[in-house]
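Below are structures written as structure tokens.
Each of the next two complexes has chain A plus one other chain: chain B in the first, chain C in the second.
Here is the complex of A and B:
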């Protein structure tokens, strides 16, 4: 009967119940939408890092390659033999692996004969590009980072392996008008120059095919996307900067990562596997999420504090209003703890009802906000991004758990403290 | 058989810096099956006496024994058990829970220990509902009942645990004279038929005269 009793008690003082419920609902909506926003940003940045920044779920370097490949590429490249070893190790886990990709990066000068502009190139294997551009997560969550036409790079590479994609600003620096299909054959060719592993200067003629965005303001002046083979030719390398492992299910990440590193260690392979979310692998992801987690922690603290104060206030008023009744309960044998539990159940009951309403309103608000297509440009990001709120049931349960904990604890502590009054004082309504 | 025994019980309250004596040394025995009434003017100490016997408060000095067990030495949980199992309370203002119906109000004391099955509990409640004549009002809430009916609910609630002692602190103070008489008659009938021990406190001489034993209290001292 105690839950029924708790529920009925909510109707005693409608005004107070509505005021407290409003505070809990507002807090619930606040946390759920904040969670929904962080969830969207997390998936979006994660997808961007894994698929569009070509880091994979797991990134494998030659030992020391993460730090030193830029200065000594020949020494720290992942050789084709090492790649074969990695493929052999991963063969036993192929049911969990989507595909294995290869990346080579490097810097140099791109020139059309008139103008020369420095570039930072990323060379990716065709399969990775093909798979990434049609990946469902990319289409659902990171479409803002994918410029229209970027996906055409795959067809361009298939037609001509020496095709490249450059960022819009690099294109402007080269004074190449877009779209490149309007350029003559001569105008569409540029030359990439770079230092080979032997210290010689080498050059490769490539064809401007499409544009892309790196998503990062810092890289937008110099971003260049090519096939891994083009960059191998340019730098006279056989190997790769790193190997990416793309998983079917991100939940397998930790297990596969541990097994991989154990395997490398056991077999004395000079390789090291890293998670995609390390600051050294995905600085954009790690930095943004670190900031968001700190900020959301602060908001969670504020919202929970406000909710706890509302519950404290409501319960204190409830105890004052029902002093004599509490005295009667004590007189007929209820212990202080039993009464505290009853009052806590009442607060939890209100919390559950408010949570249900809060959940409903959160989804309505999210729908309206998402339908309004509000766009903004975060600092350091080239494109405008849609402000999307994506609360989900998992978040609902997390926020509900936090609220039940805060409300339950607050209610129990306040009631226990307030009930430390003599029974006769309660019965004569001399104040709790 | 002595149910309650008070020896040299004194009780004083703090009023600012001053100690105000409410009971100045009470010696009293209440026997099982008795219907004892306590009469006294307002402020004479009769409610304090009932509060001490009902273990709602502890004396400043003296001893209170309930079924030969010293109450002043009991822990808080033992006192809760004693109040729940051995004592029934009937209050002047009925003290019913407004959101619960008659049945639910009456079964409240049985939920403290929750040692009865649902069927047994309902059976107990129905017994007392019948004994106070509220069969037709079981689903009513207190605000749908008259003062007399509310006090009947309070009586039923006090009886449902089959207590050794029922304490009634001015149970008729908020009722008209006709209803007061009906309530007293009901309590007398329960005392005679079920041998429930009642300690009834009032300042109404007319009602008090109908009880078998009268204890007069004045300025915190028993006079007869």
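Here is the complex of A and C:
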């Protein structure tokens, strides 16, 4: 009965109801679109980190390898024997695991016989490259991070295991004109040189195949992608920098991670597994998301503050307008609590209607913005990426919950405070 | 009064000019005992490195002709056939499996404390501008202390403090300095070799350089120069185009 009263009360003062609803709708749209943007960025960066930066959902290093592999690769490599142990452990969870990948990283110089340029190389196994380039999340969310032609690296590696992909800027530094298919056989070969685990200088011939982007401005002058075998040959290593575990469902991450580390500890294996989203594993992901979460926290505070103030203002006006009516309710036996609940219900009804309208408008705005294909270049990222808003039902419920909480609490507290007036004063309209 | 001042300034300029000429002369003289001669030379270099408690040994055959050098790895067997070619200030690395040689830097680490540029002959008079800093007694011998500043940025070191013995003009120790002037490596040289035919009589030639990390003194590389002798080399030996597969 009180919900019916509350709902009907919304139509008593149209102007005030519309003004309050407008504030709630604006706030709701704001939060939903902000959430939609963060959601898109989070999935893009996560997908980029897991599949295109080759970190996997879980990254396994030899203990200490995360910090020290760069200076002592032979000591901190994950050996083929350790890889076999990892595969044995994961055998029992194979229904949850998509595949296991291998990566080797290293630095050196790339030379075309006339000039040498420093590089930072990532060597990845063919299966990981194959699976990553056709992964549905990559195609849906991180396609902007792939240059046209980058996926051709898989075919190039199948044809010649010594093929490499370099960033556009590294290619320019080597003065190699693209596409590489126009280069003569001799011109397309360059030499990678690096220090082996014995401290010797070593070099291998490699063939320029395609270009890729590292997605990071800092690495764009030196990014090089090769097969893990090419880098093993260059650095005279048998092992890997780290092993990646790709899961079928990201929700299994925590459970598998805990089980893996427990297993390593129980069996005394010198290995350590990490989540992909740690700053030490995916600095790009962790840094960008940390910034976005702080920024969104600030916006949520501002928007909720504005909505709360608007509700406070509307309810105070409502109470002032309806002082005698409230006095009458009190005189016929309604308690302060009951009236406060009824007015809170009125605010909640308004909030629900506004939320429905706000959701509809948010999806319309998102559709228009996404269709407009607005592109931008975030700081530190080489490619331009599409500005996409992707609100979803989960976000709608989260924002709705926040709004119902803010609106309900504000309404209840304001009415409880305002109704502490004597009945006689309410009836004579002299004190509310 | 004015004439006195002019005369004084003139004398000072002459004196500075003379000091600079002396420093250059000293450096040229010391370079000769480290292979900077126009005649062809060859020797075997043994590089023994101790780093973090682990020791390694490498052996190279060096064939040098003034600013050119052809350095061939002999040991360990995994490095056999690898070649470092020096053409003036340019350097290449090559091994038989490569299509083309790799251009490398002289200051790049060869092994342990030794840089690529340390393995062949030394041409400090060509590459550095010397300043005579002071004279000092080192191991009982009066020595000139020179500060050498690199003339180009692709040299093995940016700055070197160099001790040249007064009695025989041989460089006996060096400090390799960062751009900020801090020592990061120290070297000591010995001259127990003699080469016949460079001058009238036998000429002293470097026999050992011990290069030590300035901070971790247990990390060091000792380069031993074995059987240096005059040799005739074909011009084509130093042609980088002949290294291609």
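To be clear about the criterion, the second predicted complex is superposed on the first by the 431 of 432 C-alpha atoms of A that agree within 3 Å, B and C clash if a C-alpha of one lies under 4 Å from a C-alpha of the other, contacts with A are read in each partner's own complex, and residues count from 1 in each chain.
The rule we apply is simple: contacts are C-beta pairs under 8 Å (C-beta built on N, C-alpha and C of every residue); 3 or more make two chains touch, one makes a residue touch a chain.
Values in this document were obtained by computation on a predicted structure and should not be read as measured data.
Engineer: Using the superposition on chain A, tell me whether chain B and chain C clash or fit.
Structural biologist: Superposition check on chain A shows chain B and chain C fit without a clash.
Engineer: Would you check which partner chain A:324 touches, where first means chain B only, second means chain C only, and both and neither mean what they say?
Structural biologist: Once the two structures are laid over each other on A, A:324 reaches chain B alone.
Engineer: Check the residue A:5 against both partner chains and state whether it touches chain B (first), chain C (second), both, or neither.
Structural biologist: A:5: touches chain B, not chain C.
Engineer: Please work out whether A:334 is in contact with chain B alone, chain C alone, both, or neither, and reply first, second, both or neither.
Structural biologist: first
Engineer: Would you sort A:203 into first (chain B), second (chain C), both or neither based on which partner it touches?
Structural biologist: Second partner only, chain C.
Engineer: Kindly classify A:365 by the partners it touches after superposition: chain B alone (first), chain C alone (second), both, or neither?
Structural biologist: A:365 sits against neither chain B nor chain C.
Engineer: Using centres of C-alpha atoms, tell me the angle at chain A that chain B and chain C span after the overlay, to the nearest 10°.
Structural biologist: Once the two structures are overlaid, it is 150 degrees.
Engineer: After overlaying the two complexes, what is the shortest C-alpha distance between chain B and chain C, in Å?
Structural biologist: Between chain B and chain C, the shortest C-alpha distance works out to 84 Å.
Engineer: Can you list the residues of chain A that touch chain B in one structure and chain C in the other?
Structural biologist: Correct list for chain A: none, the interfaces share no residue.
Engineer: In their shared complex, at which residues does chain C touch chain A?
Structural biologist: Interface residues on the chain C side: 49, 51, 56, 78-79, 82, 93, 95, 97-105, 108-112, 116, 244.
Engineer: Spell out the part of chain A that touches chain B in their complex, as residue ranges.
Structural biologist: Where chain A meets chain B, its residues are 1-2, 5, 8-9, 11-12, 324-325, 327-336, 338, 422-424, 427.
Engineer: Show me the residue ranges of chain B that touch chain A in the complex, using the header's touch definition.
Structural biologist: The touching residues are 51, 54, 56-57, 76-77, 80-81, 83-85, 89, 91, 93, 95, 97-100, 104, 107-109, 111-113, 157.
Engineer: Of all residues in chain A, which touch chain C in the complex?
Structural biologist: Result: residues 109, 111-116, 186, 189, 191, 193, 195, 198-205 of chain A touch chain C.
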